[in-house]
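Chain IDs A, B and C follow the sequence of writing; residue 1 opens each chain.
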Amino acid sequence: MAQSPVPKATRLVKKVGLGAWLTALAADNDVMAPVTVDGKPLFRWIGAGEVGQLDLAAVHTVNSPKGGVMPQTEPMLTYSAVQDGSGGKTLDIKPAAEDRPAVLFGVRPCDAAAIDLVGKVYLTGEFTDEQYQARRDRTTVVAIACAAPAKACFCTSFDLNPGAARGADVVLYGRSGPGSVAEGDAYYAIAYTERGEAFLGGAAAKAAGVSDLPAGERDKLEKIVAAFRGLATPLGKKLGKIDVADKLEGLFESAYWEKVSSRCLSCATCTFVCPTCYCFGVADTGAGGQGVRFRYWDFCKSPQFMLMAGGHDPRPAKKNRTRQRFLHKLNYHHNRCGEYLCVGCGRCVESCPVGLHLPLVVSDVRGLQP
Amino acid sequence: MPKSLALDPKKMKEAEAALRTQAAKLLSEGTVTVFLGHEEGWDGLPVPFFATTPGEAKRLVWNPLVAFNLAKYLLDRLTGEEKVGIVVNGCGSLALDRLLKDRRFPRERLFVVGIPCTGLLDPDKVLALPDEARQTALEGGKAEPGLFLKRCGWCDAPNPVVADVVLGEKVPEEAVPQQYPRVEEIEKMSPAERAAHFKTLYEKCIRCFACRNVCPACSCRECSLDQWEPLWLGKATVPSEQLMYHFIRAFDVAGRCIRCGECERVCSVGVPLMELNDKLMKDITELFGVQRPHVPADVEPLGQWTEGDADLEAAH
Amino acid sequence: MSESARKLLVPEVATILEIRDETANGDTKTFKVQVDNPEGAFKHLPGQCAMISLFGVGEVMISITSSPTRGWPLELCIKRAGRVTGALHDAQIGDKVGLRGPYGNVFPVEDWKGKNLVFIAGGFALAPVRCLIDYCLAHRDWFKHIDIIYGARSPGDLCFKSDIFDRWTKERDTTVSLTVDRADEAGTWKGAVGFVPAFVEQLKPSPKDTIAITCGPPIMIKFVLQVLPKLGFTDEQTFTTLELKMQCGVGKCGRCNIGDKYVCVDGPVFNLSQIKELPSEF
């Protein structure tokens, strides 16, 4: 499944220039980057003034950058009652105005791959989500390879690694290679898409002193990239390659789901921090004949998720809903699209208050009698 | 910081052994059909665990990291007649008592095993320590005040207030005046500063409802903030809705908050939720003279109307 | 707005032209709707649904009950069940709604040429079947004998009475069999009394060269799907439609995901062997 991506352009980015680069970008783009707020690393839209809080050392932000292409609350259309030509009233519907171009800066390879994975849901199949497409097309994803994967990382359990380029327009590789988080004075920046190429050659990049690769460093760059791509991940080593899709076929009725779901709090923490969760709801808000229809992140752990008007609920208990989450990620999506709906970022491991996470379920399922 | 806070892992290990025996006995005799406790989970972090056989009871743990309010899980077992066993320490028993006094679970269906507490550590902080420091804390019992759960800092109820059986000796109780320094800091802010403070903090909220779901004072069958008809809380995660959710919830639990701080602890983005709850508790102390607003009473100050109430006087 | 410029989840504006009570108690109504912009009129096939919405309230997925052979305006039969359907029931003729579609897969009618058809419906679930029945009747030569077996709780709950009594009973080589769970007190009901599944078992439709299509409340479907195999119908001969909560209608939001299917794009039409492959979450 993983093909070696072909670099389209290579540059050198000095760390001292990063601040200027982001400040210049923030003039014409919405910039999302990792910042540490009260001790928690978060991905958020930053203003030019917050560039100084950039924290590229945090391998694991609490939330993922998926909000950059899939906002938690996204207006789809506005409606307003207007007079029609013949003295009556009609409705004026306008698709939501487009936001500015965006740059998601400092995304990890797992998160970039997740953007591609989820993008397939929105962009392929019988219908294409034009709003998502337009947003994706005006977003540049700048990833940074992980110098030191965190304890809960397991991207290598899927077709990924700490230097992978899937879903990224540009990937930054620390010039002194992996192993030291605060290493080196610069990054090798490799563009893998036309958008990335244009980004590295743009005015903001030039203003930040993004320069050509110094003569004679081509070999070093290739070794460094290979080193990042060959890094192991701690939890990935423990889990090995994920292989449970087939076994799960026969486990729908297993008593396991009742046991493992009993401690679930039915909150949305895992779903909302997860970069590959994409379910949404639709709601209207307005008054006096005008308003907005928007979509918002929803979560299958919610008791209201499948609840129908009239009271019928196909998933009435925690057992059903917990089972849905893990079967969707590890079996249904795999059957439908040929890959697991997980990139091994480890956020569910770090965020679930009761430790009900994907690696646990994988490891339990492997041990279950069919 | 209460003087009784002296982590005693050895005592906890003894209590753990007694707990396993007790739970196994309750299950094998059929006194209870399930026992709510903790077991060791992934990475040494204890997780809620519900033993249904004497064999499973052997997996129960009792160590400095058992921070969960197990009482909330009783709401998953409302239907049926069978008895449920549960282990609680001091704050765990306050959570249980909250649900009992809110009449959300019948006392007759419970068998409560109480274990007096000398403090618990914050699992996230402890697991982030290097191995040696972690061992010193967990096995040696040497821990900086900052490693304890926040709620241990103001704990004045180390002995279970509800129990059918108590394992271990009682901890000497001491009066710990409830203080709210952070609230006092915020009260000194100007309105504009306060508005900015709350807006900035609650912008981080991702509306996951972990705070509500873990809270022992939040036990409604259907939360009004989930309702579609009427849509009290809009689905958009914009500052006005975020503040409304948290302010409404703070008022709904006002007078019934047990100051366990679990809401803050489970919040993945680090919103300091207890600022609101502490403010309301401080108000309750000042307005109604209730010195220990975090300890469940048969009738709470906001659950009764009395002529001569301080806030009524103020309104006139 | 033309088809190509329209964004995926942005509906057309449509007007309610007519509202007709189907049941005596008024809990089920058929709405006739016409899009204001002729370019927004879409073509549908039997089995498909549309998202109808009241702006400021919400959207709901409703199967299209008028046959495509009748073109526009479309008819949607809506039962008052919750917030959005309730608001629609309170709407007036001339009110504006949002409409987008057509969504879902279609009954594989072409595969049924030369066969007998048995339609089994209960209550207001006759609505999606009605579209199919009228479509098949418009292509009457394609099929041999047609059986329409329909039941409701009481005579007042029978929907589409004018279609049943004024048209279907008069079609050639077409048998209409009606039943009610309990007759009316006035005693004017002279037809069969009893639940639909038992009624079907009584009528004993032959499975030879026959396709069975059934829609109804979950409990009725459950028993009908036990009766049909007893009568010799195979899983491939039996079709139904699934009803689930839907939000986007286009296979993105995950609401109607069961197993590896999205009911809004892979369904709502399924044959029984496909249903058996799905986890029982509907």
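Points to keep in mind about this one:
Heads up, the rule we're going with is that a contact is a pair of C-beta atoms (placed from the backbone, for glycine too) under 8 Å apart; a residue touches a chain by one contact, two chains touch by 3 or more.
Computed from a prediction, not measured in an experiment: that's the story for all the values here.
Across the assembly, the mean Cα position most removed from that of chain C is the one of B. Per-pair tallies of C-beta contacts place A-C first. The mean-CA centres of chain B and chain C are about 51 angstrom from one another, to the nearest whole unit. Centre to centre, using the average C-alpha position, chain A and chain C are separated by 39 Å.
The centroid of the Cα atoms in chain A and the matching centroid in chain B are 33 Å apart.
Looking at chain A, residues 281, 283, 285 sit in touch with two or more other chains. In chain B, the positions touching at least two other chains are 228. Residue positions of chain C touching 2 or more other chains: 82-83.
By the touch criterion stated above, chain B contacts chain A in their complex at residues 41-42, 45, 47-50, 68, 72-73, 76, 204, 206-210, 212-214, 226, 228, 231, 234-238, 265-266, 268-270, 272. Put simply, chain A touches chain B in their complex at residues 37-40, 42, 62-63, 72-73, 262-263, 265-269, 271-273, 281, 283, 285, 294, 296-297, 299, 302-304, 318, 349, 351, 353-357, 359-360. Looking at the complex, you find that chain C touches chain B at residues 82-83. On the chain A side of its complex with chain C, the touching residues are 76-77, 79, 81, 88-91, 93, 95, 121-122, 125-131, 252, 278-287, 289, 291, 293, 295, 298, 300, 305-310, 312, 314-315, 320, 324, 327-328, 331-333, 335-336.
Residues 228-229 of chain B are the ones touching chain C in the complex.
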